[in-house]
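You will see chain A twice below: alongside chain B first, and alongside chain C after that.
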Partner chain A sequence: MSGFTGRQAPRKGENYELSVDLNSEYRDKRKDAIKRVIASMTVGKDVSGLFPDVLKNMQTEDLEQKKLVYLYLMNYAKTQPELVILAVNTFVKDAEDPNPLVRALAIRTMGCLRAEKIIDYLCDPLQKCLRDDDPYVRKTAALCVAKLYDLKPELVMDNGFLEQLKDMVSDPNPMVVANTIAALSDIHFASVAAGTDEALFTIDSSTLQKLLIALNECSEWGRVAILNALARYEAVDERESEHICERVVPQFQHANGSVVLAAIKAIMIHMRGVSGEQFRRTLVRKMAPPLVTLLSSPPEVQWVALRNINLLLQKEPGVLSNEMRVFFCKYNDPLYVKVEKLDIMVRLANEHNIDPLLSELKEYASEVDVDFVRKSVKAIGQAAIKIEEGAERCVNVLLDLIATRVSYVVQEAVVVMKDIFRKYPSQYEGIIPTLCANLDELDEPEAKASLIWIIGEYANKIDNADELLGIFVDTFMEESYPVQLQTLTSVVKLFLRKPETSQGLVQKVLNTATKDCDSPDVRDRAYIYWRLLSTDPGAAKAVILAHRPPISIPRTNVSPALLEELVSEMSTLASVYHKPAGTFIGQGRIGADSMQKREDASDDQFSAQKAFQTVAAGQQAENLLDFDDVPSDQPSGLAATQISTRIPAAANLIAGTSSNPLDDLVSIFGNLGAEQPIPNPASPPNIFGSPPAMQPQQQQNAFSGLGLGGAASPPQITSPPPQQAQKEEDLLGLF
Partner chain B sequence: MSVDGIIILENSGRPIIQSGFRSTNATYPLLHIDTLNNALASSPQKEDVDPVLYVPGYISDGKHSACCHVKCGDVRILAPIRGDVDPLFAFAFIHTFVEILQDYFGTLSAATLRDNFDVVYQLLEETLDSIGYPNTTSPNQLRDIVLPPSLLHKILSVTGVSGLSNAGHGNITPFSSPIPWRKAGLRYNNNEIYFDVTEVLKAIAGPTGTLYCEVQGKVDSNSRLSGTPDLQLTFTNPDYLVDASFHSCVRLRRWQRDKALSFVPPDGRFTLMEYRYLPPTSRSLSAPSTQVPVPFTLKPVVTIEEDGGSFSVSLTSRLSTRLFDEIVVEFYLGDGSSGVNCTASHGTSWSFDSRTSKIRWDLKTVPPSGTHTLRGSWASSKKYPRPAAAFRVKYDIAKYSYSSIKIDQLRMSGETYKPFKGFRANSKGDVDWRW
Partner chain C sequence: MASLIAILDLKGKPLIQRSYRDDVPATYVERFLPLCLEMEEEGQQLTPCFSNQGINYMHIRHSNLYLLAMSKRNTNAAEVIIFLHRLVQVLVEYFKELEEESIRDNFVIIYELMDEMMDFGYPQTTESKILQEYITQESYKLEVQVRPPIAVTNAVSWRSEGIRYRKNEVFLDVIESVNLLVNANGNVVRSEILGAVKMKCYLSGMPELRLGLNDKVMFESTGRTSRGKAIEMEDVKFHQCVRLSRFENDRTISFIPPDGEFELMSYRLSTPVKPLIWVEAAVEYHKGSRVEYMVKCKAQFKRRSTANNVEIFVPVPDDADSPKFRASTGSVQYAPDKSAFVWKIKQLAGSREFLMRAHFGLPSVRGEQEVDKRAPIMVKFEIPYFTVSGIQVRYLKIVEKSGYQALPWVRYITQNGDDYSLRTAAEKGSAPIVPM
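Showing the complex of A and B:
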């Protein structure tokens, strides 16, 4: 490329040779040269200097050569519009060529050039092409209008292209109809995104009939466009909703997966307008087989199908209850497919299929991939919590797995056992010794914390609990914060249960935690415990040993309103990410605003308000959870830490100005802590002095806070269950 | 609807060919390529990278996008998507595009793409409009507007008779047909249509029996019929074919009503339908899962020692009259395996690929009730190697179908000639056999 200046053809080098060939008198030599120019262009070489030479070859009978020249023009139109102007005449001439392919090519290319100056010349030929005799030209021209709108909306409006497009919906050729619908939808969304209030394209009943007819006759891509348009249509009455559903259902049998998903989406939306329970159920039952069929496709398609099945199952559990075996993992499935299958298997678990499920999960727990093994073990725990009848079998499988002594399996199993203990308190105490026997092998914080929680919770049943906890107290400063927090709580629990043997231990751990520990969370919690123990041991007992509601697996891992949103966005990116489109598209095609408008207009059973609060709650909770490194599923610690760290939120709630979704959470914890009538049992001897370094001011805050939290939670608040936080964290994990 | 474009990367992660991306920022495709390459580099197993990658936008515009990618031969195909698009739409388009490329070039590889880049470019232009809307993807129509590279084509161009507008077809213009998947004005001397049925058995089996088994069938067709024939095809036992999905040409409501396939076929090769075979016996039982018996039994024994392991596996055919045309058994021995030493029974051969640590056992033509065994041992650099939990067995049985599907009748209206119909069935299997 040396010696290349300006736009003058170089005198030597590759480009010079090309230039000579482009002006050759032999046709095939010229064509070959064009190909070489395109090849250079692809690898990023600057061949813009050859512009005039290439342009000379534009007028040719050879369609292939014409296409290549057009390709070259499109590439340089953006950077060098003044050169492309030279080609305008040829374009306009080509748009009237007797060959429809040339006409279509010219109009398509002009739309792609995206150069302001060319656009003005586009309107006349486009006008003609929209009325062309040949359907191929018409369907190309229809899309061109959408491109024009993207560049200069006013041109589309001034030239009446929009009205022309609307007329073309009645075109006899189904492909023209499909492309017209695609173009109109694009224009509509672009105008909505730009903030215009006027709906440019609304489908009315007569259009609907045309769409339903064209649906069966056009290509797969056309069908997707029509189905998406149908999903936007608002049916006038229930009969029409039913009619649409009936006409769309056959599309479930299309070979192309995206048609199937678009059809499911359209039906999900129109199904809301149908009141007949029987009809709805039949529709939902028909959705499952085509989705399952997609599982025989390549893995990436399987994955998208699985994500959508997952969503469908949350909305309609029981759809695939007999088909669990379809989701059994093959050894060679990619990890992302396996993980998704695992989630669905747990969703489908019931008391009838728990046995095959467990033997399958046990099989997975012996595989090589550590992540997958852990998730399998976790799934066993979820199955145990979900199905009471099968819990014992799940525990036995976990014990088998612990016996393998594979480090990460044992650790995950311990974590899972903790959840089982929370769900079925004091049912499986017999296995505690087995768990404790593995104490030395645990090196992950979560597993350690879980085991410590178990020891603390069952301190009065474990003879050597003080010895076991003593090990952790000795190494207190070397442990991670979650383990420290859990050690602290468990030692206090032990003390409240067996005061006589553990006085020294509790004194030691409180001392270390308040004096040496650099985590404010650990230190504050230690202060609160200390203060509680020293002022009113009875209250301490009521708070720390309070009865906690057992956990349960949420049927959905997104909130109901969000789920409703997602289901209506099925077959979009949103459904794959399980997040509403607004959160990751931004102000794109359908931003949050337009979604709200839609919701408002269509007076759904889910008021838009509610949906958006949930969405907002999800987003805010994410932010909060981001820097909250206390695992929120530690029940023993929640009452104390959450209140101490979130007083301002509780105060907001009283003032009635709260916008923080976590308020509700806090209020629950407040209830837990303070609503409990405080009995006065035989209190442990008060051996504590005041905690050393606490400022009086601080103390006061802490305690008034505790009171506030309790007082601030009127019982009629319907708050989301504590798992909410966990749910949103799951969602977070997607990105 | 916005598949922003297609980028084809070679194995090293460098782009070979990409579509124009004319409506986006110039750095947009680069952003996607980088995201994918980073994800691939940071994943220990390349095939475990999520198929849809989130691509954060610039801070300034806040427009996020996602990158859908598919590995295909030695190239990887990317489709950046934005907004509320179904990723499946992108994947469906990628797969369609791959089929088109294979149709045009026979195989899909970086080398063939480079050699035919001009054709690939034209195909990209024709199949995907610059606003992300798929255009013409039916091979029937594409061949009219983008000439496949062929010897004839080369001769034509050398002799100067090039160009599409005058290259045959007489006075029939492309796209004049009202049916999007079929050319108009076709003429054949011999009017024939062939149906190839391929049924694939997918199963997971183990010491406790068959855990899951399913038969999926596919009817491929090759049509060489003149004019615009309207066909009606019925099978002998259509009730056992469930969850069927069809080519665009099939009238779906007819199938729903009387299980007949009514269609105007495209010209040339196409996949007419896909289905799942539900065996009749399982319908009466309460057990919902379909159980076609796996046509062989495998008896694997694997022993793992500290520095390696040994295994023996014997395979017995359960077919009573037919023979297997080919069986391949694969087994992953775990990372760091070496020094594999096996004895295979007569007529079979084995090989070990040290790169993938997989042992492969090839069996040709296993006769009815025949048994073969493979014994061997291996050494491992890792203590207590972790081989795969399952042997993967793939096989072929020619001229056989699990469902014994047959054509009952093929009727034609719209044309006067009598077409010749051909029918052939083939069976395959892909079984995970756990030990």
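Showing the complex of A and C:
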């Protein structure tokens, strides 16, 4: 029976029996009892009451039993802090056991106990184990220092463990070096996270040599640790950067995918310091085969690889340019893999491979999974917008798909067609009748709104546009808000183009929208149109039928600064989520502050900030092609991001409350105003006299130039950054 | 880096878990599956890694189990996911099968393995052969205590010293798996060859091995003209025993092998491959009554080779019934669980061609919304003594300081990969195959 009063188990039941057996005089019975205790622990039963009884069995020659007792201790040390102290003697004794396995086990377990009371007793044995003759013990002790730092950093500093670790980087055993590096990196990140400015582990050039030597000798996981440390090293000159790259490249041939990704990451970082174009190209070329091979891994690994490849392609678009076919989906791929592959296929699409891509996408569009089918149809649209030469073929495939009359395929195709019309205005008018023929089958708001937009846009070319729109006006009150808004706009467009036939219709829709509708957005928009139409039809025309810039697909879905950051974080969760670490890890301090710091240092200050906010608002690049014309759905954070790029006068005008369409209107007047240049002393003179279609980009550059005091990024005419498109979105939303 | 690793059953109940760091409470394990279900309900896509309230969940599936790792930091996802796969591999090698029951029966040893394979969230030793040397199922109670094998921390961490064999032999298996996708028009859309060189090594001491292949890059760099064909491997991956820097320098494959069975290297070629076994099906679909298939299978390799254990999976509608088959060779079975029928041909000689017909009944009434999933035809096969790529082992040099002679044996085999599929011709209106 246990001698500890007050903590005694009741005299019956399972725990009582266990306690009797744990105190049995027979060794076998005791060991069996320990196993049963662990079994109970595993299924989640509380066996903490048996602590003293289990503890008695700690001193044993039987290694398996010892491990079990240690395991028990790790689990319950926190609940029984005052009793853990009883285990200390055995631990300290075990740490001097002749068997290295026992020494390592003791030091490893002590580090895991995480009980305040025991930590102070850890330092002496740890000191010895760090100098142990056996590398197995040393490699365990090295990590134990990191454990200690996690619990009580001052103990590590006071006992000189950190210096000792730094000396161990020169250990003759590669495994010890690898664990030492892992421990030092862990300590470094913990101290950075805690906000200390002092860099606890900086890698100098003598360390570098040791790392490069250990890299070729240590185990696969050790290589990952070393490569990650190499990625943090700042090369002194170009020659050293080249040297590091040359030494890291052989790791591409490693069978372990995380070694390959860590090697690619290290090279991507050190390649920045290399100017030789030839050398860079060779490196990038060598990356492709190992990346493709990662696609033969298990699906979860493939997915992580695909997410990283996606980033890499944004940074180095040429890296897999001939490899699109390897991304074709396999029938049995899990959905998450297929979706990533789709995205990458579109990235790799060009005028030479559009045909096989389209026939593949068409195949996917006939699969069973509705989600995947929709994404495939969307991908066809993205390909059409990306590759002008292939747009017609894309449209033909879409027509084939519409002919299948499968409801969700048709709806998605209609949405996609709307984007194609926005990119290539007036080119594919011939297919409008086909689209209109499917009007009855549309039941999703987005598809309906898209078709209504198309009808409104081409009202003067569709003979029975009034009839078609009339259907939606009749059911106006039953429709969802996005459809209502779009109906409203399209009817007004129709009226402006063909006033003679649609006077009644416009009256009716304005009446219904202002009187019966319960959405303030719809009501407000109707009022604005009404007043515009009644006061100045000319102005109404200028606003509602204004020319809009065509949409385009951005080459990247994150800002350049964020892309650099994510590439430096390759193979981590940040690179998998495509979000900076600050947005998903708990420690808020790292998040905003360090982001802010980096921005200050960065050239692309404003774009980084914007991208960060965009990401934080959960905005994805896909939205570019969404027909999101509901201002009220837009998170206000996004609206806020626009402010920083405008001149103060415009900023005041839109005042961050763009959920109100009135403000949207004002902001558009602001834009229109800029087209007939408003007095703006600081804007560069080239803004005058440029063709209107180019206006928004130029305008933005002018403004960003203002915001940054002249440090503007070069004009990106071909690939406007996401926020640009976002603005277009807003413009479109109103019309 | 992982803070906690757990194995869960399909209901999300943890079977065993081990915490490596304190920052993620063990109770979060039970939130995993509800979160997955919630995401699926909201129409979000479930991915192997996701984040919720500052905790990152990284998981893989193995048969009826989830293996879950959790972390609070911006951790190395690739490393963690690959580690989980490695954990599965080790446990499978220990218990043959990894499932709920084998976990319950072996929890003690799994705890021991989890303790040894990861420390403070960093992966340590994951070589199952080395682990088996000091973590064993039989506990020798009063015998000498085991010690950590030197190999654990050695530069050669995969081989122990003092291995002795009476007869020194090495067996090399060169296995090529062909992945290929043929579209409905009969064109090859994608093809790749995944090759692997597997070794069974029964050698004494610490032998130094050098493997010579008909590698085009090496021939070119050494300036030799090859007799016969040289192959261009697009990407080569090696077991950690191979000295990568030497391969990078002069394409020499040199290594000290682990003992016993292991995969020395794998390679990939994306040269276009003609389908070795060609299958096409004409489908006549009579809605509401029956569906008929005519399947043609053709061996498109040389006459002197033979494909063994050919299995052709032809998909049929889920609700097909009363199957009738007639085949000019082999046997046919209906596999309703896979919604397919399987045509099995024990031996298919090169350049031969065979036909089979199948007839199924269909229910007369069908739900409106049902869409036919258009699964492709899948083929399984094995062709011994043959490689598609033409890879050849030119030599295997074995040097050990005791100077023994050892014999290498080489075997070649080509088989289907995990995705050898041919898309069926569109059902209606396609011209029926004319019988031979």
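One rule holds for everything that comes next: the second predicted complex is superposed on the first by the 576 of 735 C-alpha atoms of A that agree within 3 Å, B and C clash if a C-alpha of one lies under 4 Å from a C-alpha of the other, contacts with A are read in each partner's own complex, and residues count from 1 in each chain.
Everything below uses one rule, namely that a contact is a pair of C-beta atoms (placed from the backbone, for glycine too) under 8 Å apart; a residue touches a chain by one contact, two chains touch by 3 or more.
None of these values were measured; they are calculated from a predicted model.
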Chain B and chain C placed together on chain A: clash or fit? clash
### Query
Counting only touches as set out at the top, which of chain B and chain C does A:Val176 meet: first, second, both, neither?
second
Could you tell me if A:Tyr233 is touching chain B, chain C, both of them or neither one (first, second, both, neither)?
-> neither
Query raised in the report: Taking the superposition as given, does A:Trp453 touch the first partner, chain B, the second, chain C, both, or neither?
Result: neither
### Query
Of the partners chain B and chain C, which touch A:Arg114 in the superposed model: first, second, both, neither?
both
> Does chain B (first) or chain C (second) touch A:Phe328, or do both, or does neither?
Replying inline: both
* To do: With the two complexes superposed on chain A, say which partner A:Ser366 touches: chain B (first), chain C (second), both, or neither.
  => both
After lining up the shared chain so the two structures overlap, which partner does A:Tyr527 touch, if you call chain B first and chain C second: first, second, both or neither? neither
Chain A residues contacting chain B in one complex and chain C in the other 27, 35, 38-39, 42, 61-64, 67-68, 71, 74, 99-102, 108, 111-112, 114, 134-136, 140, 143, 146-147, 150, 173-175, 179, 182, 186, 216-221, 224-225, 228, 250-251, 253-258, 261-262, 289-290, 292-293, 296, 298-301, 303-305, 323, 325-326, 328, 330-332, 335-336, 356, 359-360, 363, 366-368, 569, 571-574, 576-577, 581, 584-586
Listed in rising order, the residues of chain B that touch chain A in the complex are 1-2, 17, 20, 22-23, 45, 47-52, 54, 57, 62-64, 66, 68-70, 81-89, 91-93, 95, 117-118, 121-122, 125, 129-131, 133-135, 137-138, 145, 147, 157-158, 160, 162-166, 173-176, 178, 180-181, 200, 202, 204, 206, 208, 211-212, 214, 216, 242-248, 251-253, 255-256, 271, 273-274, 276, 288-289, 332, 334, 386, 388-390, 392, 432, 434
Given the complex, residues on chain A that touch chain B span 27-28, 31, 35, 38-39, 42, 60-65, 67-68, 71, 74-75, 77-78, 99-102, 108, 111-112, 114, 134-136, 140, 143, 146-147, 150, 172-175, 179, 182, 185-186, 216-225, 228, 250-251, 253-258, 260-262, 289-290, 292-293, 296, 298-301, 303-305, 322-323, 325-326, 328, 330-332, 334-336, 356, 359-360, 363, 366-368, 569, 571-574, 576-577, 581, 584-590, 735
Note: in the complex, chain C contacts chain A through residues 1, 14-16, 19-22, 43, 45-49, 51, 54-56, 58-61, 71-79, 81-85, 107-108, 111-112, 115, 119-120, 122-126, 134, 139, 141-142, 145-148, 152-155, 157, 179, 181, 183-184, 189-190, 192, 194, 234-240, 242-245, 247-248, 263, 266, 268, 270, 371, 373-376, 418-419, 421, 423
Per the touch rule above, chain A residues touching chain C in the complex are 27, 35, 38-39, 42, 44, 61-64, 67-68, 71, 74, 99-102, 104, 108, 111-112, 114, 134-136, 139-140, 143, 146-147, 150, 173-176, 179, 182, 186, 189, 216-221, 224-225, 228, 249-251, 253-258, 261-262, 289-290, 292-293, 296-301, 303-305, 308, 323, 325-326, 328, 330-332, 335-336, 339, 356, 359-360, 363, 366-368, 371, 406, 569, 571-577, 581, 584-586
